[in-house]
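Per-chain numbering from 1; labels A, B and C assigned in written order.
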Amino acid sequence: MHVPDGFIDAPVSVVTGVVAAGAVAVSLRGARRELDERTAPLAGLVAAFIFAVQMLNFPVAAGTSGHLLGGALAAILVGPYTGVLCVSVVLLMQGVLFADGGLTALGVNITDMALVTTVVAYALFRGVVKLAPHRRRTVTVASFVAALISVPAAAVAFTAIYALGGTADVAIGKVFAAMVGVHVLIGAGEAAITALTVGAVVAVRPDLVYGARGVTARPLEIRSSPLAPAAPGAVARAEGPAAEAAPATATSEASEPAGAPEPAGTPEPAAAPRRSARRVWWAGLAAALLCAGVVSFYASASPDGLEKVAHDKGIDQNEEDHAAKDSPLADYGVKDITDARLSGGLAGVIGVGATLAVGSGVFIVVRRRRATAESERS
Amino acid sequence: MGAGHAHKLYREGRSPVHALPPHCKIAAVFCFVLVVVSTPREAVWAFGAYAALLAGVAAAARIPAGYVLRRLLIEVPFVAFAVLMPFVAEGPRVEALGMSLSASGLWSAWNILAKGTLGVAASVLLASTTELRALLLGLQRLRMPSLLVQIASFMIRYGDVISDEMRRMRIARQSRGFEARGVRHWGVLASSAGALFIRSYERGERVHLAMVSRGYTGTMPVIDDVTASRTQWAHAAALPLTALAVCLTGWMLP
Amino acid sequence: MDAAVTDPATTPPSLEVSGLAYAYPDGHQALFGVDLTVARGERVALLGPNGAGKTTLVLHLNGILTAGAGTVTVAGLPVAKAHLAEIRRRVGIVFQDPDDQLFMPTVREDVAFGPAAAGLRGAELEERVRRALERVGMAEFADRPPHHLSFGQRRRVAVATVLAMEPEILVLDEPSSNLDPASRRELADILRSLEVTVLMVTHDLPYALELCPRAVVLSGGVIAADGGTQELLCDEELMREHRLELPFGFDPRSVRVPVFPAR
């Protein structure tokens, strides 16, 4: 989703640059209020963490894999202000060092991926946490919802920016359907990974999950290291082994009954992870369809609205540019809007459905083959 | 993204481009890209001129063409996007190679490809002639908030350390016979990510402790500073100014 | 405020801890009245089992933790909020993981961080950095990023970052951990060559014997023993009681400890 140079025209790039700078300035102040003088080292380390975790590949099926984007994760773990800062710094460094995302598109990229993702994710997360019963599971569920919506929300934001300053003559409806359709899928993956990751952190160090402060304040604390009857003085030194132990503890927390992943062919241990995988899969499917069907339909009014505004107000460069090549925007009449939205929404649903069907098909085939191979072996 | 981050970004050298102060270079590249983005897409020759300018810079910096081209691969996803453009865009169609293509879509594809590629090439030249540390100093000099510069420099300092920890965790998983093959293993990978976060955060706290122990009170002391003479600014400005001339000509010509 | 320090007639001890007690905010008490005096120029090993409160004690020395009861005085200056900056300049703590300590992009900037935070600039700062790096034999690595150095080199740079502040007392947390034998010896040579008060927290008993004529045992939040390092290590009962074990085949009696000239 890193937008390159030339994709969005210069004026809109500049405007989004100003928006992004403002957002970063506000976040700097907010983060400093929360972390005071610890801001620099902590935000820096979290940014390095986001950077590293984006390289962690999550295999999906049949050789394909995805990775975390991290906006929602950052917001939930370290709070919205620090989250915006961390993701912005990651984007800035990716742009400057790796040429990943254009320099003039930095504003677009930060607005889109750092600001919208993080803010939407955090607002949703807090909302769910407030409404649902205060339990640890709530945190996981809230993370899922937050990440799930935050990614398509970024796609919507991108479409809005595109509607204002896109240089290509592709109908907004099509861009919208394509962006949201694809990102609903990505969002489902992001949601599953984010929820599992937050769940793992909450299981070991609930105090570190910014968004869950107050939820886990009651005596839920689990100390993973029974090694030392430890004076806290020893905690610093015991960190190595404690953290080493963490994945093990967290895993059994996250994936339900502690099925030891031993290769022995007893049915129980094999069943446990499979059940949880299936649950992840169903949750993802339900969420994706929900998004594609409901959210995208309703939300699709907004970029059209934006475009309408742009049209009415005659935001010049765009208009001239498009009018010169008699683009769709020039004769984008009111009667088309309903059509475009409907067809866009439908296309979104169909796209998601088809992709999911193919994905699940491949997944099921692969799994069945492996299952037969395993049963043959035993 | 993700792949290929391990390679060395900076190419050591003693060229005049290497020697320019970092903030001049950053400003020059940024202005250059801005000019490129503002150029009308119909002025095809202008993009050729920009490419020639960049090639000149690369030659002055003694950066081999193959190196720049390899680094350009980062934009491949958007090339795919651009290729789709003529098929999905609106407007009058033209027949080519037996397919019906949108004329404005072709222009859009060209626009994105040309500007995106020039942007990436300019950034690549910047990153390969400027050391990481100098880039940060340059950004600081260009008035980027110092807290942001600090965060970025911590990120760069600890990026390797944390990636290393991640690699060690992967080796530890593999040594115990675990290999992630599908969705059902996400739980394990995610708990590794969770553990990595805890380690990163705790390291952040320890680093803070070490900083406080050496007198840190919230502001970073200025240890290194970069300055630029007027001649150096003039040299750096040559690139964006020439580009601007090209751009203006592009607008002037019908 | 420095009058007491600069007067040579009444040189106060580098470190004076008396009746120090501390409980963490969660209620867990780690220190129960620690008394410890380290004279100027002395090298003292602080031994003790895991969880004895060693790190807690160290964090009191430069005011990161604030005493619940008792006082800590560094060269005559009490550790208190009012002059924390001066205290942190005087007490140089070398943490266990050099990656935590070396947080700047290059070795030179890292060594310069402390003095620069204290307000030093320009040529004076450069000189300070150069001298500190020379003392640990790392001068030619000044412009390298810390993560490109070997572990032993990083530990030495970590010592230099603290030396650059010209501290009154050098506090080392497990200085020999994770070092190969050669790096271990090099570090010992460096530490021996420094004319500064040293407090060394360690589990590495032979290393303590090699470097520190005096040792104290911290156990259960109090000083349980204080004496010559060799005597303490030879006291088998004491050692057993505080979970201090010598490495296999090491006999402290058989070692001839070099005699240190009084400084």
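As a working rule, a residue touches a chain if its C-beta (ideal position, glycine included) is under 8 Å from a C-beta of that chain, and two chains touch if they have at least 3 such contacts.
None of these values were measured; they are calculated from a predicted model.
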item: Chain pair, most C-beta pairs within the contact cut-off; value: A-B
item: Far-end chain from chain B, centres as C-alpha averages; value: C
item: Chain A and chain C: spacing of chain centres that average the CA atoms, whole Å; value: 45
item: Between chain B and chain A, distance of the C-alpha-averaged centres to the nearest whole Å; value: 22
item: Residue list for chain A, restricted to those that touch at least two other chains; value: 41, 236
item: Touching two or more other chains - residue numbers and ranges from chain C; value: 103
item: Sites on chain B at which at least two other chains make contact; value: 132, 153-154, 156-158, 161, 203, 206-207, 211-212, 216-217
item: Residue numbers on chain B that touch chain C, as the complex places them; value: 132-133, 136, 153-154, 156-158, 160-161, 203, 206-207, 209-217, 221-224
item: Contacting residues of chain B [partner chain A, same complex]; value: 1-2, 5, 9, 26, 29-30, 33-34, 36-38, 41, 71, 74-75, 78, 85, 88-92, 102-105, 107-109, 111-112, 114-116, 118-124, 126-127, 132, 135, 139, 145, 147-148, 150-159, 161-163, 165-166, 169, 177-178, 180-208, 211-212, 216-218, 220
item: In the complex, chain A residues that touch chain B; value: 2, 4-7, 9-10, 13, 24-25, 28, 32, 36-49, 51-61, 67-68, 77-78, 85-86, 88-90, 92-100, 102-105, 167-171, 174, 192-193, 196-201, 203-205, 208, 236, 239, 243, 246-247, 250-251, 254-255, 261, 263, 273-274, 276-277, 280-281, 325-328, 363, 366-367
item: Chain C - residues contacting chain B, complex; value: 59, 62, 64, 85, 88-89, 91-93, 95, 97, 99-101, 103-106, 109, 112-114, 116-118, 125, 145-147, 161-162, 165
